[in-house]
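The letters A, B, C, D and E name the chains in turn, as written, and every chain counts its residues from 1.
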């Protein structure tokens, strides 16, 4: 089932100055599907994600069409947007260390939207928060509830952000470079978790990253962004095996290629 | 909202608005007007002025007799006067108070210079002066010469010994409520040199019961504010309202009184070598070049011609119309002929001085500047706070300076400081030998007694107009606006008010 | 949070969508423009005043009429001319205060921030001291002691104002001193002085300028305040603060208090608006430069 | 990067000798935090030494100590046989100028308010002065043009401000700056991790080429084992302030000795292995 | 904390030094300001005066004596009033503090609320209005505002009293805190309390107005910064309603600048009392300072400076404590 259908999405400055920052992008996300988004810095990946949440920065406007679950989002009222965010479409922001409020306890930041959207009581919301933290491999989740972001490492903060995004069981998760600050082991764990979620609850995932190698392990489909446009899109295996667009080839070329195979004991 | 309309009803509290100059309420150190006013309610002197009459009347004294040379006096005290603490006022108190004043060597101590006081008996004191002092009763009216209870003050660390300046520790005692050391109709409740001073009725006053339960003297230095307070019924007496404003205030609820001033406003022209004003032509040009009448208009209501250094209220004053004449054209010509047109002169004045009848020195100085520039002098103004300005003046560093002289008593002898070689004369570098005749006349006036005094002072005064490097500008009028509920109030001859006389 | 943060907060970036040509947005061009305009106004004033501000032109305390647009004062001088002419005292001296404070403050901030250690410690203690020393009292004491004059008031104001600049500059320098472009230059043997002039000074100039432009208004107010207390401009020089203080005794002649008051408000408002506009326009640009666009 | 022989022992004197270096920081209220716990390292001409390790293991601390930005709390670092002294407030000693550093952040390593030329000239002037050479504008221009060509930049970019350049271009300018000091050793702290994928490769290749052409020594720091593996001759694996393993890159990659190295290798995604 | 205390002490020490230095540099003799004209020409009186205030001692000895006294809480004797300066200050400081405190509360309450509204309604009419208000606010000379306010509300309308802290007719309450509004209540004197409040309204409001602009601007920009953070973006991504994001997230971020601006306001208002007290005859530190400065009472100026600096440092210290209570990142140990 097509969860999200983006058609000719364009983001430009409200003043009209300059070229569009996102220029007529179209793609779809099916339920349970992971769509990888790659592309050079500044190519519009994050803006596209924000547009899907109706949260473009001041001074930027979107047009085109975003159909989610059969309804048009771009024409939604403010109220409706607030109900969509977090419950239907959730996002993990690019920079985990700044997206947590430094002066609020993690407990509050993990639960306030649950209480808002799901109508949970405080204890219930906290119980759920603890469960979520366990799923993202955070140790001692109970203690973390009472802590502040600065007491956590970058990787821990990134995992808390992921837990927050997953809290209200969104149907679509936009993950903007969610694993950059993570150690290899934890990264593997998070990837596993996302795989599990999409299989079990049919969550669609838009996965934005620079890490092509990692995408190759999880993405079903791939959208390659360049200067606000999608230059290539298709089945991930196909793109990796036979890239069509020259830019995609440049990207793939840039992946370091070590002349030696990895040792056996590591691969197993 | 706490201020009703103008009330004509007499309330238990009298509120007086004044621009404060308060410093100290220890009588032996009083020299500021605010303190003099406060002191007039709490302490009493041997003699006093009643209303605006420059004639001393006995207060704690009953009578005074003196020798012909006016150097020895015998004062007899009243029998019934007591201090607020119940002690009777005796000769010992008088001797203690006056000697303490002398030996404390504070600001007003000079009044006791050359004066010795001794006790004759419990009710009699002997006063001896080095120089003839025919004006001694005037001197005895001065606030610092108030009589305090020697027992109480000694108990508080006071002393009248020669080394009092170092050993007396009673200063703080006088600021304490209920110290009881005064014999006046009121006693101190609180003393704040910044905001307000409060007096309460002395329940055990020896004389006629005081008119008010409390008197509050507030520091309100803006005339407009004083006016509004009066009109709003917030205060009953305002002391520093310029005539210009005061004159229009007379109404059903308010009374306006004016009184002549004991002070003459003058320009001091330094004779110091190198000063532009040391040139006789320039002095002459300034003295004739000033348009005195225009200055009086500028200052506003009630300002009178200054006929000389002696104000009209004192003996020796010249009659109206005999003061310096102004002739700007002649002055201009004089300068031009002498080739002194364009001479640069700086004019010092105190720009925070609000006391003199509400005159704005800034305005006055600018008026003078304009007039003098019209005759061809270039005047730069140098306004500074009083402290700075006074120091320059005292040190003889000013070129041209705008000042007035507050006499200590309403007697012309207080003006002799202007004589060549006198205290003020020295400030403008005008020694006795610069004008020997005038100096002699001054000496003659100083020692004259009896009926000769008036003539001697008049002659000196006229000679000053001719010779002195001073331009006597004007004699301001003091205005006092009071609520009609205040039945009797007036300036004393020194332009303060006497709290114990208000009804 | 320290006061430094506060100052950098005041000068915090505030994005504006107004489009001004890039060359117009260089700090120096804007500042030069604003200051030039102010000077121009000051130079033009004598041509605009209908009367000599020092001359008696009519009866004293006359209400406004066709000749004396804002009435006359106690000496019969034209209030309108005086009010206008007062700008010639207030504006240049306001600029002077800010310029002096900014120069001293920037120099001290650069030195303290770059050299650190005990130099920094001493300079910042002095700055703290001046900061904690009530400026108005310092100014009153200086003016009372040296005698009131506009110059002394300017000196007093500059003395009590530089720490704001020193702190702001120092905090920027502290951050930049360890920044990679400074370090890499120093690794190549660029000397400390050169480093300050070439790398640090330009980096702080924007913030200093913004602070300074926002300060001009306050400087004019401060100066007028001292004159109001009788510790600034000397008569007969027309000056707004002393005109207001003179008017205190003439409240029935409302024009005497209202005219200079409105004049101050207008001029200070103008400088504040300019300052605001500069902040809005400079800061985002600095930001873009700092982080790439 | 094909013409290097991984087995060839550098026959020369080491340019950099690190013996038992310790770097520590004063931490408010907690005494000192030791970031580098005593490491040994040598760098020879024509050699790239890669240092890998997870975030916070002390790589940058070591790199900054190598050039004297950080003070050592123990051990020694020698450059061409003489000790590396901490960067003073005054001018850096001339003998240390050929010891250069390239920083991670291409945005931060250039002064945003000066044109590229001005910045390059600044460095050239100081370095020439350090070498005690006469400075002429022609030489300077020649050197700058040469260096820009070397890093593969159009000399026309010289007149731009940094914000008008891409990240990769900026990093090349930063490298050019280091080269203008005529360095013997360049320490590069994560020189490519802030770049986008296509620039990463180019800058990596550039560094290798410079080392080969100029026969300088280089230390490259990265958290990415694969990046290091493609350009470094020797690799040191760092963990919690110490080297757990150090050796020729191929050996480290194909026969890791330390479990931690193996762990790192295990996290290298499969795509890297797929030869394209 | 200890370090902080240490630097504060150094600062205070420096202030006494500077004030004293001023006294030395100034070419004026205190006696001219404090003795009568006649006494000035009498060397004995001058000598007595100088001896009384220790002016005859070498300057360093005067200073050491002063410091010695300072450690025992003795700020010396005012040359002007002959009163101990500590007594004077104890009398005047509460008057000023009461005024400044109310003005701070007023301006911060109003300024912060307006600032938050302005930031939230960025570039819409409430913002424009707030911008105009704040621009005019920072451009108004306090003394002029005070004059106009006093003319209008006191002279013309007669709504509010125009000078002093209490009706002259009411007896001041026994002094407990020195705050009229509190002492009158403690004394149970409702009339006096009403009068005290009425006297406060005009000067406090005028002070508050003169400070409102700064608070408003500051709050607006702090809240805007707060709104621009990723944390706020993240909160909106979570689907929290706008108002909640504003209050819980953006204003929270701005809390420490708001605390700082409160402390700054306090300092600013403390200075502005020089003008306002002058006009409303308030009888506080401001008037005292002005008088002491024009009378060159160096000991008093030093005392005032020390007291104001202490207040200033204390307020900032409290502000920092508060800020750290709000911000877990900077909690003091």
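Basically, a residue touches a chain if its C-beta (ideal position, glycine included) is under 8 Å from a C-beta of that chain, and two chains touch if they have at least 3 such contacts.
Source: prediction; values computed, not measured.
Colleague: Which number of steps is the smallest that gets you from chain A over to chain B via touching chains?
Modeller: 2
Colleague: Trace the shortest sequence of touching chains from chain B to chain E and report its length in steps.
Modeller: The least step count works out to 1.
Colleague: Among the chains, which is located farthest from chain E on the basis of C-alpha centroids?
Modeller: Comparing chain centres, D lies farthest from chain E.
Colleague: By the contact definition above, name the pair with the higher C-beta contact count: B-C or C-E.
Modeller: When the contacts at B-C and C-E are counted, C-E has more.
Colleague: Distance between chain D and chain E based on Cα centroids, please, to the nearest Å.
Modeller: Roughly 56 Å, centre to centre.
Colleague: Give, as an integer number of Å, the spacing between the C-alpha centres of chain E and chain A.
Modeller: 52
Colleague: Taking each chain's centre as the mean position of its Cα atoms, how many Å separate chain A from chain C?
Modeller: Chain centres of chain A and chain C, defined by C-alpha means, are spaced 49 Å apart.
Colleague: Taking each chain's centre as the mean of its CA atoms, how far is chain A from chain D in angstrom?
Modeller: Each chain's C-alpha centroid was found; their separation is 34 Å.
Colleague: Any chance you could list the residues of chain B touching two or more other chains?
Modeller: Residues 222, 224, 352, 385, 387-388.
Colleague: Residues of chain D touching 2+ other chains?
Modeller: 167
Colleague: Give the residues of chain C that touch two or more other chains, as numbers and ranges in rising order.
Modeller: Within chain C, the residues that touch at least two other chains are 144-145, 230, 248, 251.
Colleague: Over in the complex, which chain D residues touch chain A? Could you list them?
Modeller: 54-55, 167, 196-201, 204, 224, 226-227, 229-230, 250, 253-256, 262-273, 275-276
Colleague: Per the contact definition, I'd like the list of chain C residues that touch chain B in the complex.
Modeller: It comes out as residues 55-56, 60, 74-75, 144-145, 147-148, 230-231, 234-236, 242, 246, 248-249, 251-252.
Colleague: Which stretch or stretches of chain B touch chain C in the complex?
Modeller: Against chain C, chain B makes touches at 222-224, 242, 245, 298, 351-352, 358, 360, 362-363, 365-367, 369-370, 381-385, 387-388.
Colleague: Show which residues of chain E lie in contact with chain B when the two form their complex.
Modeller: Its residues touching chain B are 28-29, 32-42, 44-45, 47-49, 51-52, 80-84, 88, 91-92, 95, 150-151, 154-155, 158-165, 167-169, 171-172, 194-195, 198, 279, 281-283, 287-288, 291, 294-296.
Colleague: With touch defined as at the start, can you tell me which chain D residues reach chain C in the complex?
Modeller: So the residues of chain D in touch with chain C come to 67, 69, 87, 89-92, 94, 97, 99-103, 105, 107-114, 119, 122-123, 126-127, 129-130, 161-163, 167, 174, 177-178, 180-181.
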